[in-house]
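Chain lettering (A, B, C and D) follows the sequence in which the chains are written, and residue indices restart at 1 in each chain.
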Amino acid sequence: MSAAFNIMTIIAVSAGAFFFFAGTIGLLRFPDTLTRLHALTKADNLGLGFVVLGLLLQAPSIRDGLKLVAVWLLVLLAGATVSQLIARIARQDGASG
Amino acid sequence: MNAAVVFGLCGAIAIGLGLYGLITNPQPLRKILAFNLLGSGAFLFFGVVARRGAAVGLGGDPVPQALVITGIVVAFAATALAVALLLRLFEMTGAATIRADTRSSPADDPEA
Amino acid sequence: MISHPVSISDAVTGGSFLLVLSIVLPIAGALLAFIAGGRRSEWIVLGTMPFGLGVAIAIAIAMQKSASPLVYFLGGWLPPLGIALRADGPSVVMVAITAVVICTIGVFARTEFCTPAGSVEARQPFAFWILLSAVWAALNTVFLGGDLFTLYVAMELLTFAAVPLVCLDGRAATLQAALRYLLFALLGSVLYLVGTALLYGTYGTLDIVLLSHRVHAGSATLVAASLMTVGLLAKTALFPLHLWLPPAHAGAPAPASAVLSGLVVKGSFFIVVRLWFNVMPSLPGPTAAQLLAGLGAAAIIFGSVLALRQERLKLLIAYSTLAQIGYLFLMFPLAFDLTEGRLQSGGALTAGILQAISHATAKAAMFLVAGLIYTAVGHDRISGLAGVARALPLGVFAFALGGVALVGVPPSGASLAKELLLQSVAETHQWWWAVVIQMGGIFTSGYLLLVLAHALVPADRRVAPRAPVSRTQEAAAFALALCSLLLGLVPWEPFLSVPVGISSNPLALGTLSKALWPILVGAVLAILLGRWGGRTVQMPLRKSLLIVVDPIRRRTLAFSKIIELVDDILQRWTAATVSLLLVVILLGAAMLLG
Amino acid sequence: MTIASTYEVALAMIVLGLAAWIITAQKSFAAAGGFVAYGLLLPLVWVRLGGIDVALAEAAIGGGLSGVLLLGAAARLGTTETAVVAERPGVLVRLLASVLSAFIALSLAAVVLLLPDPGPTLAPAAVENSAATGLGNPVTNVLMAFRAMDTLLEKVVLLLALIGIWSLVPDRFWGGRPGMRHEADPRGVLAFLARLLPPLGIVIGLYVLWVGADHPGGAFQGGTILAAMWLLVMMAGLMDAPPISRRWLRLTLIAGPGIFLVVGLGGLWLGNAFLAYPSAYAKPLIVAIELAMTLTVAATLGLLMAGVPERRA
């Protein structure tokens, strides 16, 4: 049982790491702010989601599991808001010059 | 190579980089950044010391760890004060430099 | 190694809770003043002053009675886990003098930093009174703290209280001076912090007494010692690490300058003393001690020559502080006992502490008078001081007394310090330091006479003070100067070791004449180096004198040009920080040599 | 090399790369950005060094508050950069500086590697004496009991930095509100976040304070989270910064050190020593002090970030 959990954790966390990696490449390689933002937020949300999913399987108690989910939700919320703000500024800058 | 060795070296190099930046970069803000780097290197030294004192089931000696927490607070207070001084100086003079013409005295009397 | 909460009888030796009070009282004053605000802040801080002074005196009495250092274990926790407060002789003396100086400055500053009628609260008074209280708390912690990290926090408290004092008037030039001061001081504190980490990692404690039992010469300890010492020197502004001092001390409002120059630099100096005399007396070795005193000697030459070349009174006093800080470091090689290979807490240490407190009182008095002169005539150009003596008779007299005390005329504390130093010179056969010691007195009298010569000349027309000068303020400055002059008469024996046969009769003719010749030489120096202009030159006697001395004057001026040039370079950030690293390395090497 | 040490070496390399970036980057804003990343990676280092409490403090302060402060300053000072570049020292001086810094770094590295291993430690003493306070987190025990004096002084340092910043106000704005007034779209996304997050954030802040008694966390870390919530609300324009003359504000700012001082003096009065807690009440007293300190820290940090008062009340 725990071996299966461990394997699933490894798979999920690796998938998460892959998405982070892809997102970072997008951040570095994409041409403008909006596409970079797109790469970053999309990949990071998924990536973190996978990491949290993987870790959930290892959580010692329900309480710790809930904390992990809370972390994920908070990061989603903050990430979404901040990328909105950045995108808005980028659009304004783009419009004015 | 344990954590104490790796991060001890890391702290020493951070201190070296911080010293170099503090000396050579003329912008006060960069000096403040360099000071923070120096400080983090010093804190890492405490961390190494704490790690080497790990005993009785603790991950590290709690005393140096507590010292670091106090140190971080003090360093932040210093950063805040320095940034406020710098921004106020910028507001008044439009420049951000600490190079003073040493012969022009700081307390110029208003009549002269 | 194991520490339990100890019972009251162990934690509290007779009256040692006074040590706690001396720190808590000014902190409480600052906190209460912060809530109360406005005029009440001033009253609260002034209200704590008599109590603070009382506590300082009570500590001295308690120590005299117990005839041993007072110790207090905070929270009942014994070191190494807990923190101890300790009062030994030097710290008791420093606590007492700090109380006297702070209280006198408090009396003086009432006129300058009072909340104007009609406003609820004003920025400058609010900040000044709280910062003054904080400086006091920080200094007492520095003098009494028994743990190197507590000393670090106290030192930061001191810096954060001192920096805003520099730029209270809010002008751009003083803001810049404050920023320079803060950045350089922060560099100093990081170096100190690195040193404490290394010491803890080697010995598992930062308690001064425990460390003194455990310390041995190892590479980590040597590196820690040189980093910590140089970090402290940067905060003390010992040459060549003085770039921040002249603009900061000269730019601040007079009462703040008095605090900064008289007291604040003594805080980090005192920690150097703690480190070298208490924590590791046998570690630095004679070469390192000579190096420290060498920097001190350079500070005396640079500070004094530059002081003589200043056009403005406050800058002159600031540069003289530079020289006087150098004087404080002359004691290190003289306290070194070559046969035992360690620093001895004997006559030389007493001299250093005495010099520190004499300077604290005298320099505070001189800065206060400079402030009065500024209020009275609206500027502090030395060449425009004619007639000031008539407008401010007591003030100028106080300035003269403070200067005379610093020169080392009996019965001043500085004269006793000089006697002690010269005796140590004779005992340790280091004649070259005798030359430097005498030079210090000569230079001091030089710039004192320079100022007095200008101030005592009658003006063409009556100088009408632009603003009335309060007699209380003059009296406060005078009291401090008088205090400095009389420090040599205090029976120091219970607190500081005074070898027998030192100035049994300070008023005897022989000692007086010994003190007078430096003044004469100083007068010559003042004539040679001072910026003489305006009326004073017209006096026939000096005119004929000038013809004789003109060629010599030209040579000395060329010399002073070189000094000014070097100082210009050292006041640049890069040069100062590079020399800081060089001093670290040199000091480390000197300690390695032994 | 084990996986753990590979990870540590890689982490150290990234941290040092960022450190080099902070020093060498052309633009201050880029350097400050690098510092934020640096400050976020350091907590990982601290976890490897077994200092979870420090990791929390470092993340909150180093990466969070200091980073925001420095980024903000870099944005405002951007125009001054070209003028100051002229003051850059010449090649020879830079070479000298790098040689000296490298020499000092090398000697420090040598010395720190030669420190005794296993080193001297107070961990057994700290654990052995933890019964006196009833707290399970040894770091909190050191901060609140064994070395309470340092913590008390540190809180005064924080307050003093704030007074120092306030003392820079132009006289006409004394007693006014710090910082600029933030005008954000009340229906915008930031305002949305500022309505949604603070209730949660306050709970988390108090939770961090509460668990700090027995697990990593504590007054400072909790207070920082509260300060962040306050700053968020202010930035979203939902709430203005309070005028610095307000009595309630000043009371909050000294509540921490004030109560600490009172309890400390109570210890003197009740017989043991200054800063000693009567053993029956040690835990409730410490939690009370920490609660007050959390509020004070939150208020102080928020105002330190807000800066110099620039507007009338």
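The rule is simple: contacts are C-beta pairs under 8 Å (C-beta built on N, C-alpha and C of every residue); 3 or more make two chains touch, one makes a residue touch a chain.
As the structure is a prediction and not an experimental result, all values here were calculated from the model.
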Q) For the chain pairs A-D and B-D, which is connected through the larger number of C-beta pairs in contact? A) B-D
Q: State, to the nearest whole Å, the distance from the C-alpha centre of chain A to the C-alpha centre of chain C.
A: 58
**Q.** Distance from the mean Cα position of chain D to that of chain B, given in whole angstrom
**A.** 13
Q: Between chain A and chain B, tell me the centre distance in angstrom, where each centre is the average of that chain's C-alpha atoms.
A: 32
Q. Between chain A and chain D, what is the separation of their C-alpha centroids in Å?
A. 26
(Q) By the touch rule stated above, which residues of chain C touch at least two different other chains? (A) 81, 149, 153, 156, 160, 163, 167, 175, 194, 198, 200-201, 204, 574, 577-578, 581
(Q) Going by the contact rule already set, what residues in chain B reach two or more other chains? (A) 15, 18-19, 23-24, 26, 32, 45, 48-49, 52-53, 63, 67, 70, 74, 77-78, 81, 85-86, 88, 97, 99
Q | Multi-partner residues of chain D (at least 2 other chains) | A | 89, 93, 97, 100-101, 104, 108, 112, 115-116, 119-122, 124, 126, 146-147, 150, 154, 157, 160-161, 164, 168
**Q.** Contacting chain pairs - touch in the sense defined above
**A.** A-D, B-C, B-D, C-D
(Q) Residue numbers of chain C touching chain B in their complex, please. (A) 81, 149, 152-153, 156, 160, 163, 167, 172-180, 182-183, 186-187, 190, 193-194, 196-198, 200-201, 204, 246-248, 250-251, 311-312, 314-315, 374, 378-381, 567-568, 571-574, 577-578, 581
**Q.** Interface residues, chain D side, partner chain A - complex
**A.** 189-190, 192-193, 196-197, 200
(Q) Taking the touch rule as given, give the residues of chain C at its contact with chain D in the complex, in rising order. (A) 1-8, 11-12, 17, 20, 24, 27-28, 30-31, 34-35, 37, 72-77, 80-83, 120-124, 126-127, 130-131, 134, 137, 141, 149-150, 153-154, 156-157, 160-161, 163-164, 167-168, 170, 175, 194, 198, 200-205, 219-220, 223, 574, 577-578, 581-582, 584-585, 588
Q | Footprint of chain C on chain B - complex, ascending | A | 15, 18-19, 22-24, 26, 28, 31-32, 35, 38-39, 41-42, 45-46, 48-49, 52-53, 63-64, 67, 70-71, 74, 77-78, 81-82, 85-86, 88-89, 92-93, 97-100, 102-103, 105-112
**Q.** Residues on chain A engaged by chain D in the complex (per definition of touch)
**A.** 74, 77-78, 81, 84-85, 88
